[in-house]
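Structure incoming, see below.
Chain IDs A, B, C, D, E and F follow the sequence of writing; residue 1 opens each chain.
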Amino acid sequence: MRPSGRHPNQMRPVVIETGVSHHAEGSALIRIGGTEVLCTASVDNRVPPFLRGKGSGWVTAEYGMLPRATHNRGTREASTGKQSGRTQEIQRLIGRSLRAVTDLNALGEISITLDCDVLNADGGTRCASVTGAWVALRLALGRLVANRVLSQVPLHGQVAAVSCGLTETGAVLDLDYAEDSAAAADTNFVLTADNRIVEIQGTAEHAPFTQEQFEALFSLARIGVSDLFAAQNAAITAAESH
Amino acid sequence: MRPSGRHPNQMRPVVIETGVSHHAEGSALIRIGGTEVLCTASVDNRVPPFLRGKGSGWVTAEYGMLPRATHNRGTREASTGKQSGRTQEIQRLIGRSLRAVTDLNALGEISITLDCDVLNADGGTRCASVTGAWVALRLALGRLVANRVLSQVPLHGQVAAVSCGLTETGAVLDLDYAEDSAAAADTNFVLTADNRIVEIQGTAEHAPFTQEQFEALFSLARIGVSDLFAAQNAAITAAESH
Amino acid sequence: MRPSGRHPNQMRPVVIETGVSHHAEGSALIRIGGTEVLCTASVDNRVPPFLRGKGSGWVTAEYGMLPRATHNRGTREASTGKQSGRTQEIQRLIGRSLRAVTDLNALGEISITLDCDVLNADGGTRCASVTGAWVALRLALGRLVANRVLSQVPLHGQVAAVSCGLTETGAVLDLDYAEDSAAAADTNFVLTADNRIVEIQGTAEHAPFTQEQFEALFSLARIGVSDLFAAQNAAITAAESH
Amino acid sequence: MRPSGRHPNQMRPVVIETGVSHHAEGSALIRIGGTEVLCTASVDNRVPPFLRGKGSGWVTAEYGMLPRATHNRGTREASTGKQSGRTQEIQRLIGRSLRAVTDLNALGEISITLDCDVLNADGGTRCASVTGAWVALRLALGRLVANRVLSQVPLHGQVAAVSCGLTETGAVLDLDYAEDSAAAADTNFVLTADNRIVEIQGTAEHAPFTQEQFEALFSLARIGVSDLFAAQNAAITAAESH
Amino acid sequence: MRPSGRHPNQMRPVVIETGVSHHAEGSALIRIGGTEVLCTASVDNRVPPFLRGKGSGWVTAEYGMLPRATHNRGTREASTGKQSGRTQEIQRLIGRSLRAVTDLNALGEISITLDCDVLNADGGTRCASVTGAWVALRLALGRLVANRVLSQVPLHGQVAAVSCGLTETGAVLDLDYAEDSAAAADTNFVLTADNRIVEIQGTAEHAPFTQEQFEALFSLARIGVSDLFAAQNAAITAAESH
Amino acid sequence: MRPSGRHPNQMRPVVIETGVSHHAEGSALIRIGGTEVLCTASVDNRVPPFLRGKGSGWVTAEYGMLPRATHNRGTREASTGKQSGRTQEIQRLIGRSLRAVTDLNALGEISITLDCDVLNADGGTRCASVTGAWVALRLALGRLVANRVLSQVPLHGQVAAVSCGLTETGAVLDLDYAEDSAAAADTNFVLTADNRIVEIQGTAEHAPFTQEQFEALFSLARIGVSDLFAAQNAAITAAESH
């Protein structure tokens, strides 16, 4: 039995609210159970130096956690003066995941920065960030189309992410904090709505695992992302019908 | 006429929501017009080295702004590796303001950190932070009393803050961003419910101002904080009646 | 009785010496009792990026304390690799105070940096810095006029600063270190010779204070700055009569 | 045809030399084609604070690249003052991979730091680091057994890593730099000699890929690591037969 | 002819004033021509961790330059967040030079920090710092004897430093800034009053030089330090006769 | 008797291998006894800002030590976020030494960076770095001539460096770690093949020393560098005869 009483293949409730950020060109507040991440997309008419004059756009991400998003207060990274290795690893993952479904040439010399800030953490913050950031990005691109900066939304895929893990219960979908901290293995899958792989990260926390176990986790992930794609689509529809 | 159509002595709507942070011992999400700050109070059973073994507690604050809380995206301080002078000045102000109404000896060897993170900025974020942080602190102290760690709430005052400024319209209460960026003078008043002064900061942005002008601003501040004390009291009552 | 035997409304002796820095365009070594600050004004023909091409000048300040300016040796900020929040707060105050009386448009695209370095500290170093920096700035601007870079000194005010506080003796003028470290409230007033306010900072160190107390402190400040304006004028006259 | 003329399932030549570091308790200089990494294992009789008094040991890793290990000189991270996100991500991977096969309780309160410094880079430096670090770790543990600090080598697995990718040629094993920089997908597999998974990292560089493609890459990886396990075993045997 | 009109073997005027720092246990303001350095000695009853419990004392130094000590304003190291290589090289030299004449065992578990801050720079600041720091150290040690912390001054030598260089005029003593910036070679000699060598640093700025030239510079240095020893002795006598 | 059994005027074996770095324009792996330093020369077609448009080239150096180059593992400077004073002092020395024999005007607007990374340390790493860096520089310049970027090698001297010290045995040549850590005085001589001085650094570690002792050390250094010049020449000949 899982600590939350969920079935092994059951996601926590997913809610995505848009427009929470007053100034961002696109924003999504994603809640997956007790995890809550505010994702904003900021459009800038300049690209980083390595891309200038090449006609290509850029998508990047930054990730942060409010000090008291967690059970015990963590140090504020702005105060210690550096981002942890974990933070950097996560923000690189988010950026790669979104670039993999964006047509950077069609975007043109525009940068979009996705900021994912965790307000409350209960496991799965990197996956929630990817999933919410896709909505914020999609809305910001939609606005560029509405403003006739772009002729169509330069996305060739819809992306969402979920974690699965090996716990005492066996393979389970969408780890919460209690499960995550005790899991023997932890995997994150970033997948597209047309059934392709953007990123896979699998880590044996305590002991190596088998290929069969890995495949079981992968199957759960495919179940989980279908909930996430539906929640993304509902949020976009609601936002754009205003 | 003010940009927002408000009267010179009119505050923006004030709403304080509690319990938004799932883990913090006390929390308040304060909204003053378009400004929105999440304030959390975190209790720690250790005090900083300079206080160890002295029987006294400590209250301190940290302040941050999400990169896209503002019209244009600002840099993330965790990423640049240092807090700006403005950030440090504000978090020192919040800490001093709350220590001034806390009985640190009655608190005993406990530290409370107030984190004030701006989700949306439209002027007055430091004042909203002080006002919201007092609620978060009050709730965290109330929980220590409920848990019998303390016998009574070690506060000898209720504190709130508001900005006033000299604009083209004359002296006005509770500057929003449009007013703040054009004001000839900007003043912040941190006041107590029993009519005393915790902190006054008055700055001539463009030209020095007169003592009469300063007194007009001070009078407006007294009007403004009465709204804030009422909102604080309502939030505490609602939170503690659950 | 004050620790120094002074009357409540009595400043410490004030001496301002000029020309102590061999290379600076303007300099003032200000001594107020045991507090001693070397202020230099450095002229640069470039302005910061945000002002380029706008025809406006800039005035800014940096503040530092020699490690053994104090009773106990403090750490060297260059060695620890960051300026404290206190240092940044003070240098921002000095910069704002001098910009408030400078006609930046008349200055043209020139930057002036005021460096205020405390050689000996006995309370009131931020106020001494503002007061000395004004002399250094005035001398540097006078030299620009003498060199026909400017047609007249682009200042529309004379500025000085003094601290007042609530001590066991009551409200007193010009706190020394012994008084400052025990004061219930500490206020800094940056005022102009024509009786206007540039900056007010009032802080309850231990307990909130009343409006009447604040007004008593303000009255003392007006007495104190008249001594400072006289010392500034004497220093300028002496420097320019060479 | 691959740029190097290799078959899709062909590793580059692998050579592991031991004893190159004069002082380290274990060391391995691993060469995989033109990639060359010096791996050292340093034994320390203290564990990090979070483990003190718990009876458990620790294994961690640091990674670096000499500035001119690459085609164009990179900046020295010691000089810029921070490790890149890429560096941190790699050293975290190395540390996790080795901890996954170490019996930390059997190690006792001892820390082992693996330093992996790239002398020459031609793709696959993170995988070479994991593979070489396991040899350095194994030798350092062997020495602790020889010195009777431990009764047996506290490893429950042998670990090696290899990258595979999707290139114009299709799925290929052991990417060199020319292939890596043009690959559509890049995957790293950290596997054990008994056929289990320690870590999988798969990334779509340009376009998402299918599950079938992923499985093809996984199959190649299984071929590649068998070469690496053989080279590791040869190096250990040679080193311990002296 | 030298720019200053001095003879090749002529020092600039040397003046050492004591007691300029109000709080330091020993202090010396040394002026050598237009170079002016404030040296303070601060006594601390703790030694660095690597010396604790060993019965030995420690002497160390820190060096800084006020931003406008130079012809053009330099950046403030506290503001840029790091000390330059030059600063670190100089403060290491000062520390080594004074440790070489101090009996650290006789000092006991006491640390003395010499702060050398350049108020005005006209060449030779590192040599002036060593020379002035010896006076500050000597006075601080004398005070420890006067306070009966030590039974006698734990110095086994008197140390002073001077620069010599190869200029268009040939070998000259005590380079000022104009000479220093054009010299073909620059040497610094730290010597003792009993004719021994503490430190020699000789650098070919533009072209290597001969052993004969080096010996000529060394002979000039011996002349120069005799002036410095006399100025040190006069300052100590004056300070201790109060 | 020296710990290594060497005669006082005997160098350790010197071997210089070239081409060890695959990508650098010039490289030398220098081994002097147990000290081993990898020196690479990297050519860049840009000069630092202060030289742009002046027609002059630049030569600079960076120095590092692998964490386990030493008996006990040292911290990684990239990880602590700053280079030690010692590191900066050494890399400044290497840069100055090579600039002193380079005709920067003949080089033209090209920068060459010498990276000296210590793989194994047994004393004398800074001297080995200078000696090896000269070979790397010479090879990189030779390649620029071969590629017709330059018409001839813009070097007007050959430079090598050796340390000598005062030990219990008396004055000895080429200190190894055991001698270095116990020496009463430590001197480094950077000399040219035509018998001139580029840099002299002499330091009394424990007690000041006499001019006679200094001259004895200098004589030993002249013996030592002749071995080094021969090894440099052999390495260049071998490299260029391929």
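By definition in this document, a residue touches a chain if its C-beta (ideal position, glycine included) is under 8 Å from a C-beta of that chain, and two chains touch if they have at least 3 such contacts.
Because the structure is predicted, anything quoted here is derived from the model rather than measured.
> Any chance you could name the chains that touch chain A and chain E both?
none
> Tell me, which chains sit next to both chain D and chain E?
Joint contacts, listed by label: F.
> Taking all residue numbers at the chain C to chain E contact, is the shared part over half or under half, that is, same or different?
same
> Determine, using the mean of C-alpha atoms as each chain's centre, which chain is farthest from chain F.
Max centre-to-centre separation from chain F belongs to B.
> Using mean CA coordinates as chain centres, what's the chain D-chain F distance in Å?
Once rounded, the distance between the two centres reads 32 Å.
> Between chain B and chain F, what is the gap in Å from one C-alpha centre to the other?
One centre to the other, that is 59 Å.
> Can you give the whole-Å distance between the Cα centres of chain A and chain D?
Each chain reduced to its C-alpha mean, chain A and chain D end up 28 Å apart.
> Can you work out the whole-Å distance between the CA centroids of chain A and chain C?
The answer is 51 Å.
> Chain B: which residues touch two or more other chains?
Chain B, residues with two or more chain partners: 81-82.
> Circling the ring from chain C via chain E, which chains come up in turn?
C, E, F, D, A, B
> Quick check on the complex: what are the chain D residues that touch chain F?
20-24, 27, 34, 38, 40, 42, 44, 62, 64, 66-73, 76-79, 81-83, 87, 113, 115, 117, 119-120, 122
> Taking the complex as given, what residues does chain C use to touch chain B?
The contact residues of chain C facing chain B are 82, 85-86, 88-89, 91-92, 96, 100-101, 157, 187, 192, 195-211, 214, 218.
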